[in-house]
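As written, the chains take the letters A, B, C and D, and residue 1 is the first residue of each chain.
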Amino acid sequence: MNPVRIGVLGCGRIGRMHAELIAKQVPNAEAAAVYDVVPDTAAALAEELGTRHAAAPEEILKAEDVDAVAICSPTPTHIDLLMAAAEAGKDAFVEKPLALNLADVDRGIAAAEAAGIAVQVGFNRRFDPSHRYVRDRVDAGELGDVHLVRISSRDPEPPPLMYLDESGGIFCDMTIHDFDMIRFITGSEVTEVYATGAVLIDEAIGEVGDLDTAVIVCTHENGAISTIDNSRQAVYGYDQRVEAFGSAGMAASENPLTATAVTRTADGAHAPTLPYFFLERYIPSYLAEWGAFVEMMEGAPSPVTLADGRAPLVIGLAAWKSVREHRPVRIDEIG
Amino acid sequence: MNPVRIGVLGCGRIGRMHAELIAKQVPNAEAAAVYDVVPDTAAALAEELGTRHAAAPEEILKAEDVDAVAICSPTPTHIDLLMAAAEAGKDAFVEKPLALNLADVDRGIAAAEAAGIAVQVGFNRRFDPSHRYVRDRVDAGELGDVHLVRISSRDPEPPPLMYLDESGGIFCDMTIHDFDMIRFITGSEVTEVYATGAVLIDEAIGEVGDLDTAVIVCTHENGAISTIDNSRQAVYGYDQRVEAFGSAGMAASENPLTATAVTRTADGAHAPTLPYFFLERYIPSYLAEWGAFVEMMEGAPSPVTLADGRAPLVIGLAAWKSVREHRPVRIDEIG
Amino acid sequence: MNPVRIGVLGCGRIGRMHAELIAKQVPNAEAAAVYDVVPDTAAALAEELGTRHAAAPEEILKAEDVDAVAICSPTPTHIDLLMAAAEAGKDAFVEKPLALNLADVDRGIAAAEAAGIAVQVGFNRRFDPSHRYVRDRVDAGELGDVHLVRISSRDPEPPPLMYLDESGGIFCDMTIHDFDMIRFITGSEVTEVYATGAVLIDEAIGEVGDLDTAVIVCTHENGAISTIDNSRQAVYGYDQRVEAFGSAGMAASENPLTATAVTRTADGAHAPTLPYFFLERYIPSYLAEWGAFVEMMEGAPSPVTLADGRAPLVIGLAAWKSVREHRPVRIDEIG
Amino acid sequence: MNPVRIGVLGCGRIGRMHAELIAKQVPNAEAAAVYDVVPDTAAALAEELGTRHAAAPEEILKAEDVDAVAICSPTPTHIDLLMAAAEAGKDAFVEKPLALNLADVDRGIAAAEAAGIAVQVGFNRRFDPSHRYVRDRVDAGELGDVHLVRISSRDPEPPPLMYLDESGGIFCDMTIHDFDMIRFITGSEVTEVYATGAVLIDEAIGEVGDLDTAVIVCTHENGAISTIDNSRQAVYGYDQRVEAFGSAGMAASENPLTATAVTRTADGAHAPTLPYFFLERYIPSYLAEWGAFVEMMEGAPSPVTLADGRAPLVIGLAAWKSVREHRPVRIDEIG
């Protein structure tokens, strides 16, 4: 069949990465056009990838030679672009988080459903081979009923403060991936959240009202309990581990290393570092994510639906409420 | 110097193990006498070890050829025996937990302090080479300031229901080891506890008011946050892992396997099981524990003081209160 | 600077892979043209990559918009194409083995040297991060003097018999990579070879005079001893491990797994498979190989010289002589 | 049943270890008496273990309260003591190597067979859980037909030169364990040996005619090929790995570490050392060895027969001949 022609909206770090993957490595896909709020950024990327750049999102949304859009712009613009895509009848990939408030999310969902467009939300970690291995064990019944999930998810360094300020804070920006993961692994909705945290790395993070260290405990409908720990600064690299424990066994993903090798001397063993950050660790997951998008365009159901995009935001908002009120918060208190 | 002559009080599973280790494997120690509430049990063990058995604890406490006692009897008898040892001027090893209520513990501590006896509490995991490796990294400053501790501590199968009923429940019986460990690893007291749990393995456990699955989050004085997950039934064996994360790195203990080997076939890799339970996993830690006891008898400070025995009980009681009241509980609410 | 424009000669499995990497993923390189003895193969690949195809190698060798050629055609054509590149003044990448006899190799080397073209031989494993980690430990002196090297190098399944027949046999086709590796790791020339082998997988392999299982012991100038074991059929995947042992320690590369994850059940631990073959394992090494080629084109010395291409062939020929005469063979008996 | 009463002949490092294990840790066994050529050594050990010491081996061999003897004296005395045990009708455990020449070994075997005593030879590594795991996989058919075995067997430091001088050299003293292992793993006799080696660690080792670094390739009756590498000085500890590769898969033992833990910092991962030497690594194997001896005394067949003791010596002698004559040597050239 013909390649899926994708227009990329937003050419920042993540948008640029998506555009490059689509243009060069995703089978049966091509980067049909790119747009960025900074025209030169889009123009330079377009030239590099041998595609065209658009002066406005509408130009891409209306183009006949564009089958779908990848919404990779800043979070506050996601929903408006999604609604514009719905209006234009273009299928869409949307980066996480969908938005930082539920009203916006629900507007977007309503529009997408009314228009009948296919939408995939950008929770790439579901496509990481190691995390997926854990989920596959659960799905295959090899672990029996899941009782406990534990995730350590730690970034190598905090983002710029300016970014933090608009990010929705640690729970809606960073932990949101882990909230998605516990739903993905257990296949069960979260019913209650207890969150606690601290500012241990950089006081400036506290001054903008955010946390840099956090622990979250979630209770699921099926009785399972998930724990997540986050840090904005793991000096040893990007630490991403997911574990499921059930009545018949456990499965856990481990960090890949930058090389699979070891040295032994009189001082003990030494092994290489972890990947530095998501670009070093998760490229295979992004590729698989786009492979799934192409399948969705060919008729398969969305692998990460708008409902999957909404649920972790609700958990994130509940986590913030839990921290503020210093108590466990029921999901149905949020909406 | 002369061997330390130890009288063992209580010859159940753990008392028997201690007596055997003292008699056969602990350098510079000997099993001077054994006592059990069931005389035949003590007699059989005495014969097996080539030592004598006593008809009553007092017989051992008053014996001139006994330097110290190992209190390995059921929990409700620990404090009375500790007080009797104090009265007799015998140094003591006491199994955990010291008691299930603080009034008893405090009586025991007062008596021991008044008598000036040396006492070591039986938190053996502090002596496990792998957990100790983690603590040593913290002590050496290699991890910087500790921000997060996470422990998975899972038994292979629940104890008999009858035992559970008098055990103090999961937090005072099982998690108490982990509460000790987070104090040991961080070197910082716990100030607040949030605990949650479920009955997912055996309804009968719930019927006696206990939990079989639990997650506990503790906040420390120094700002660190510890998370513990427990299960009474890990079908793959005794799962005991401790991890410390700090500003300069992380350190983690992993389970040893019953053999260090691997098979690879077309289906992937297969490796051996975990040790079944504490007798299979922790014998080296018990031996080191007794080595430390001998050092204490030779004048070194207690490696696990009565204060170290009291603190985890307070955390355990706070954890129960947290579950009952479904909120985080400050340690100073307990005592 | 301007991208290096590379013409690819030969579009079989390995040539196609190189062309795709050059066209899509190698920074500062582009696939200027492709040629294959089967015109349709070249045409299809050219279309896919958005480049042109040539009707004859000469067309590429003479093209002004081609800076260098990648010689990926069948082994018997390598030297003639290298000589043609030399005559045309084009720098060259040549796949291994250079040829199956030394006279041809020496003709090629003489021509390349006379023309002063830059040449890199395709020993990609030198660029694998894990094997390179081992070499870097040696280079940094962390292992002291190297005493022993051991390599296990096992393919997942034998090549087609027709291919085997013209391959130079296991030592010149497969082990040649390992002969290169022991030179790379030790930095020392081989002086003597003892080789033994068997036909344990497929009798048809024996019928064409080849072996499917082999062990080779090489002595180096500096006294180190290397051992290599090969199998044409590791049913568990592509097994590629290199270990250096020295007076101050050891370093070893381990196989990466297809996912870094583990399952534990009552039966023990289960982990994912190895990568299936070189396309699954070694893409990062091929990319790094091309990165090094671009650097060579920018003036850096060749990372894998023609002398590096010749030496392993000599060792391979000595290995065959060793098997035939059932004795250790000195390298200087070959040439 | 009654404990097996064992008299220990020879109280050097290995004899002392055996005596202690028998006295304290081997179920259903006791150390009935000890003897050493240095009477004070025997007396001190006897007192420590609460047993008696004998003035001469005969005293033990004739004692009615001794069921079997453990021959742990220097190698040159093994056969005479075995013959004396045979004459006395005592079953025997004999340390490796049986002797350094085949005539002696054959005298011993003839005497033992004539007397009908049960004999177990001290190849303890067969009882190591990790190496046994590999053998069990072969036995269970999980690896199919074995094609390749590879062993790395490296000591932490050379023995005293005086010891070396009478040891039979590296092949009969150290590699003999590995020769036993390849027979144990494959279940197939060795038919040919090629050995090579060097003096890279200490010239004094070369001056007594020995090697400190060696590689040995053995061909088996069933077509399998085994490779062994040895070093007398692995500065990182006692390195003991065995791997079997077959038509259906592979299995490998890995070194246990002194703690199962890891540290990660910005510099990469750090893990603990290997066990220092055999006393740190192989105690569990010695215990299992004695468990098997007790079973033999209860009627089970010998787990390591005199034939199993003879075969590796033959391979060792062939290895020396191979080094001297610089060629592969058939086992039937030795005897």
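As a convention for this text, a residue touches a chain if its C-beta (ideal position, glycine included) is under 8 Å from a C-beta of that chain, and two chains touch if they have at least 3 such contacts.
All values reported here derive from a predicted model rather than from experimental measurement.
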Item checked: Both-way neighbours, i.e. chains that touch chain D and touch chain B -> A, C
Margin query: Let me check something: if the centre of a chain is the mean of its CA atoms, which chain is farthest from chain C?
Written below: B
Checklist line | Selected pair, greater C-beta contact count between B-C and C-D | finding: C-D
Next item on the list: Let me have the rounded angstrom distance from the C-alpha centre of chain C over to the C-alpha centre of chain D, please.
Entry: 41
Checklist line | Gap in Å, rounded to a whole number, between the CA centres of chain C and chain B | finding: 57
Margin query: Quick check on chain A: which residues sit in contact with 2+ other chains?
Written below: 235-236, 239, 248-250, 264-266, 272
Next item on the list: Enumerate the contact residues on chain D facing chain C in the complex.
Entry: 145, 147-148, 150, 152, 154, 194, 196-198, 200-201, 213-215, 217, 219, 223-225, 227, 229, 231, 233-236, 239, 243, 245, 247-250, 326-328
Notebook entry, point to check: For chain C, which residues are in contact with chain B within the complex?
Noted result: 235-237, 239, 257, 262, 264-274
Next item on the list: Would you tell me which residues of chain C are touching chain A in their complex?
Entry: 24-25, 50, 129-134, 137, 142-143, 248-256, 258-266, 272
